[in-house]
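Following are the structures in question.
Two complexes follow with subunit A in common, the first pairing it with subunit B and the second with subunit C.
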Partner chain A sequence: MPFFRNLRQKIKRNSQQSSISLILGVYLLGVSLLVFLPAAWSFGLAFFQFDGLTPPRWNGGVNFILAYSDQLFSLSVRNSLALIILPAPVRVLGALLAARLMQRRGRWIGWLRSAVFLPSAIPVAAMAAAGLWIFNPLYGPVNLLLQQLGLSPPAWFVEPLWAKPALILLSFWSIGEGFLVCLAALQDIPSEIDEAARVDGAGLGRIFVSITLPVVAPTLALLAFRDMILSFHNSFIAIFFTTAGGPYYATFTVTQLIYEQAFDLLSFGTASATLWALYTLSGLLVIGLYVIIRTWNIGITDEPFIL
Partner chain B sequence: MKLFIRRLIGSVLVFFFTGCSIAAQPTGLRFMVFGDPAEYRAYKELVDAFRASQPEIRIELTHVPSASDYRTRLATEFAAGNPPDITLMNYRRYASFAAKGMLEPLGAYLDTSQTIAAEDFYPITLQAFSWQNEVMCIPQNISSLVVYYNRDLFDQAGLAYPGDDWDWGDFLQVAQALTLDSDGDGRIEQYGLGVEASLFRLAPFVWQNEGVIVNDPAFPTRLTLARPPSLDAFQWFVDLRLVHGVVPDRVEEAALDSESRFLNGETAMFLNSRRGVPTYREITRFQWDVAPLPMGKVRADILHSDAYCLASSSENKEAAWRFIEFANSFEGQSIVAKSGRTVPSLIQVAQSQAFLEPGKAPQRARVFLETIPYLNLVPVISTWEEIERTASLEIERAFYGDISVEEAANFAFLRTEEYFLIGIYSIER
Partner chain C sequence: MSHSSFRIALRFAGRLLTAFFFSLPAIWIIAAALHPPGTPLPRTLWVAPDHASLENFARLGEYFAWARLGFNSLWISLVGVGLTIVSASLVGFCVSLLSRRSQQGWVILWLALLMIPEIALWPTRFVLFKNLGWIDSPLALLAPAWIGASPFFILIYYRAFRRTPREIFDSARIDGAGILQSWLLVALPVTAPTGMGIGLLSFLFFWGDFTSPMLYLTSERFATLPLALQTLQQLARSDWSLMMAGVTIVMFIPMALFIALTPYFNRRSWGQ
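Our next item is the complex of A and B:
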């Protein structure tokens, strides 16, 4: 195998730096082939009339006019913002609270931590199916419990007003990753600071607000933005399985609009034009993320960056 | 280093292209259907019988559970350039594929066939699948909307089973008598009726009231639910829920849909086409049967029909046709008919024991045949699926009392106008 012998010699001869570039080069190639090329292709499609069946025809900016003048477009953008941007900070805060509660070592703490993290490992589709049952307006455990407490519970996914809160509650299922990161961030706070504050007479709430929060704030911001960008794209499955955008468009998001334009109407051009809007929104979030990283120097170490 | 990278790229590309060519090798025919597990078994049996009779043709069955996901799946496969050779499509859905030239017209195949001929079919089924004056797909069935009813619940209430000539009044009376709050807690335990709030379910009632759903059946340009006879029928339909409460409300329907309630024995009557039979035959806890739709001013019903379509990109059209021919031969249609899935489109099979099967539910299978003269079609337009879906959202809102029927009719008209405009019609204008 001259190829591999060659490779071994090369690796030996070259510095560590270039072998790292080599490994990353393969990755770059994969990303280019599987992500950048298709992305560029679908970006370009915005200027064509394309049904996936016959060759694309150039039609200039018509798709953008068609896409952005659609009543469903502005509605879906509003829904996306409400369902994705707003809940993210709440979700991250929830993860932090859970992490704070389970920060200390104890007898059952390992089990409890696993219990918080494990649901994140469940596929979204399974989670959504379970969600349909949990929030079933008549037979679901949530409403049976609320009824036992003497409340008259909402119909969740069936009511326009409550469908969004139900989806947001359901998304708490997957705070596991954020929980782990928060746990790590909390461990980083030297325990002397906590003790000093306690000696000075600060209560638990005071310590949390005045010490813990400020110290982990950059991590939280990072998590929140990452959460938003991710759920922009990932929330589709959960919504599609539970409400399918209903009741009467109450949970109709941009991703679903794109899906329907592309695969129901076979109008890949307008779907792509709508995609531009989605990418712009995600892009703004990435910029926010970048600003946070730069401001607080998160994740930037003294070691030189490779790429 | 450069050499290595070049080799690496080379090997990746080689892998990529050989991978592609392996995938592109002919793998025999692909046949895609939709339906419940019980329906799937019927097509499995059909495919097995075909394999036994023509073992030289390889065929593979793909199954998609839900009919609404089915079209999206098909569209994706067509767009990816690798659609199934043969697909089972509803006449409300095939037009968007036919309009794009994705389907091979089968009229010429049918004309030269030694096994089947156009005269063997109920004419309305071939009419439904005629695209620009040519038979596009070969219909397998001629189903209609009927009333499935739980005989045990009728017996318990001391009610006579629905007659062949019952009307809207009788229908409502029975539904009211069978809607029960048996423990008096204010919540209804048993509903008289279950029906989907959609344009496709509403349409036959509009026709029965001498109304129309579109302005011109041949070249429709708009929905016409707002016209008086149509609107009256719409109001009557909505009143089943809002005034008489014989149908579950939105929350109850979402918590447990009417079809499941019927299967559980908690709903006395359920409106569906023949498609439900294979699943309902698995019911063991009660006896059930079918009755025709109740009559309005006139008798009218709505065609439900699916057909075998051949992809124009298929590389093996001859073999695919042989399967379609087999599936629509006396033998093939008998196999699927025996499962209960179809009201056969072949007149001979429809009148045979394979369909009428005495001793098996529904005992009144002849109801389906007696309805045939009163069947109407919805328009065949490439955008009909979108029209139906958009209109149904508004109909549903009226059905559950969010808006009035006038508002719903108007919204349905306004929101579907564009689809009529961009739709491609089965007949050239």
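Our next item is the complex of A and C:
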């Protein structure tokens, strides 16, 4: 009898194993079809001339020459650095500060936290369209506010010098996802540590730098990477609505360039060659990620929190 | 004692100010949308109109069929949310049952997937959908639900399952429950608050999706609300109160949903 019971358990376990494999297999199939295949495809398409209609034709490295000798390419890379890469750490730090401020319980804490997330509940396209009005030189509330303070505010999206700051400022409102992740990461710091440090005479700034920052550092690094990648997408929509890459290409990013090459000029090959620059960035981030995972042993230790 | 109550008051003031700062866009948008058309916009800091009017929303009908677009947005988002909850939780649950080593492999895969910008997939996904016949079909908009909409959602679910004591799943297994049964009858109910959070975030994902309909839809048949903003931006660029009425329509349902769910999240301590 025990033999049969063992056998039955074994079959049961095997059937469990196979349903786990089946479910994960379906997921991997989806990832392959929707992510890996398109990624590999455009990686290779860089060597072909392809308009999406006629079959692709091999043209060697011509696309790379076309893509990287384009003056717009280096300009768009510099703009992407300023609009996407550099603001990311600042946005993450802002999310952390907001989370630190809202960490402990207190009056109305739930609603106050929810207010911080509120702009992130606004769809990106809606927020972008609203940005046109918020930063409007004549009627926009931001400029009315600045005028009340006695300043003479710029015309934001219309001026080459001020279009970038306007886009970055607009993006500072939508940090809800990072805020939630930081909040969850901070919950894992036992409040006794805070109390002990305070009893020992540590000030708020000292506690933040010596206790909070080291504990949430890996989370912050992951969030900053994530923020950059997400910003490629979100800034595209914001720019699409507000400046369309102008004025005088001041806000023309790599994403705009790729969109134009692929969907306006139907030159998928050149677009793919430009995409190689993005894949390089993704590759660097994945390497950075791997280092972080190895250093902090994310995923195998019993740490309470992973992103 | 008084020192600490002073600190609490100071902290509360800081929190109020922060909350106010983050409420500003919504306040500004709605105030402008309620402004009666044809009258000049106020040039003072007090943005609330003296005579609030809903006329702008009626005028929106001249530019796009917002009822039909809203209906498309709604059903596509709801189907997307349902599919995402199923796929993200199933994958997260299955991975949480694997060995520690394989779990780390999956976490690395998800984090790596998070590092691929969506733009990198647009051109070839377009060609792929074209070959699959998904162009101008809701399938192109719903496709991400197959893979949990975002690896981020799967990670959150995975984390929730790992935080749940193992014994709960083990006892279900001893009672003879298969994977699907313990997922449906045990795992999903014990992670209900996570499910609510993912439901909300994935609703925002599908409802707010602007690029998929822009790239993959060719006719108006399945057009969703965010596309209407593009129409407004082109046709009514300087009619600010009209445009903000359009923005209000697009943001209304996700924002109302979020505000309605806040008491639920408040009871279950945020971010957990």
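As a working rule, the second predicted complex is superposed on the first by the 279 of 307 C-alpha atoms of A that agree within 3 Å, B and C clash if a C-alpha of one lies under 4 Å from a C-alpha of the other, contacts with A are read in each partner's own complex, and residues count from 1 in each chain.
Note that a residue touches a chain if its C-beta (ideal position, glycine included) is under 8 Å from a C-beta of that chain, and two chains touch if they have at least 3 such contacts.
Remember, predicted model here, so these are calculated numbers, not experimental data.
> Should subunit B and subunit C be called a clash or a fit once both complexes are overlaid on subunit A?
Overlaying the two structures gives subunit B and subunit C room side by side.
> After lining up the shared chain so the two structures overlap, which partner does A:G52 touch, if you call subunit B first and subunit C second: first, second, both or neither?
Touch status of A:G52: both partners.
> Touch test for A:I65: subunit B only (first), subunit C only (second), both, or neither?
neither
> Figure out whether A:F263 sits in contact with subunit B (first) or subunit C (second), or with both, or with neither.
Both subunit B and subunit C are touched by A:F263.
> In the overlay of the two complexes, what angle sits at the CA centre of subunit A between those of subunit B and subunit C, given in steps of 10 degrees?
In the superposed arrangement it comes to 80 degrees.
> Examine A:G110 and indicate which partner it touches, taking first as subunit B and second as subunit C; both and neither are also allowed.
second
> Which partner, subunit B or subunit C, touches the larger number of subunit A residues?
C
> Between subunit B (first) and subunit C (second), which does A:I193 come into contact with in this model arrangement: first, second, both, or neither?
It touches nothing on subunit B or subunit C.
> Is A:F157 contacted by the first partner subunit B, the second partner subunit C, both or neither?
The first partner, subunit B, only.
> Contacts for A:Y139 in the overlay, against subunit B (first) and subunit C (second): which applies, first, second, both or neither?
After superposing on A, A:Y139 lies in contact with both subunit B and subunit C.
> Just the number, please: smallest Cα separation between subunit B and subunit C in the overlaid arrangement, in Å.
Shortest inter-chain C-alpha distance (subunit B to subunit C): 5 Å.
> Residues on subunit A in contact with subunit B in one complex and with subunit C in the other?
52, 136, 139, 263, 268.
> Hey, which residues of subunit C end up touching subunit A in the complex?
8, 11-12, 14-16, 18-20, 22-26, 28-29, 32, 41, 43-45, 47, 87, 90-91, 94-95, 97-98, 100-101, 103-104, 107-108, 111-128, 130, 143-144, 146-148, 152, 155, 159, 163, 173, 176, 178-180, 201, 204, 207-208, 210-211, 215, 226, 229-230, 232-233, 237, 240, 243-244, 246-247, 250-251, 254-255, 257-259, 262-263, 265-266, 269-272
> In the complex formed with subunit C, which residues of subunit A make contact?
12, 15-16, 19-20, 23-24, 27, 30-31, 33-35, 37-39, 41-42, 45, 52, 98, 101-102, 106-107, 109-127, 129-130, 132-134, 136, 139, 141, 144-145, 148, 173, 177, 180-181, 183-184, 187, 222, 225-226, 229, 232-233, 236-237, 241, 255, 258-259, 262-263, 268, 271-272, 275, 278-279, 282, 285-286, 289-290, 293, 298-300, 304-307
> Would you tell me which residues of subunit A are touching subunit B in their complex?
3, 6-7, 10, 14, 18, 22, 25-26, 29, 51-54, 136-139, 155, 157-158, 247-248, 263-266, 268
> Okay, in this complex, where on subunit B does subunit A touch?
Of all residues in subunit B, those touching subunit A are 1, 4-5, 7-9, 12, 71-72, 75-76, 78-80, 96, 100-102, 250-252, 254-256, 385-386, 393, 397, 402.
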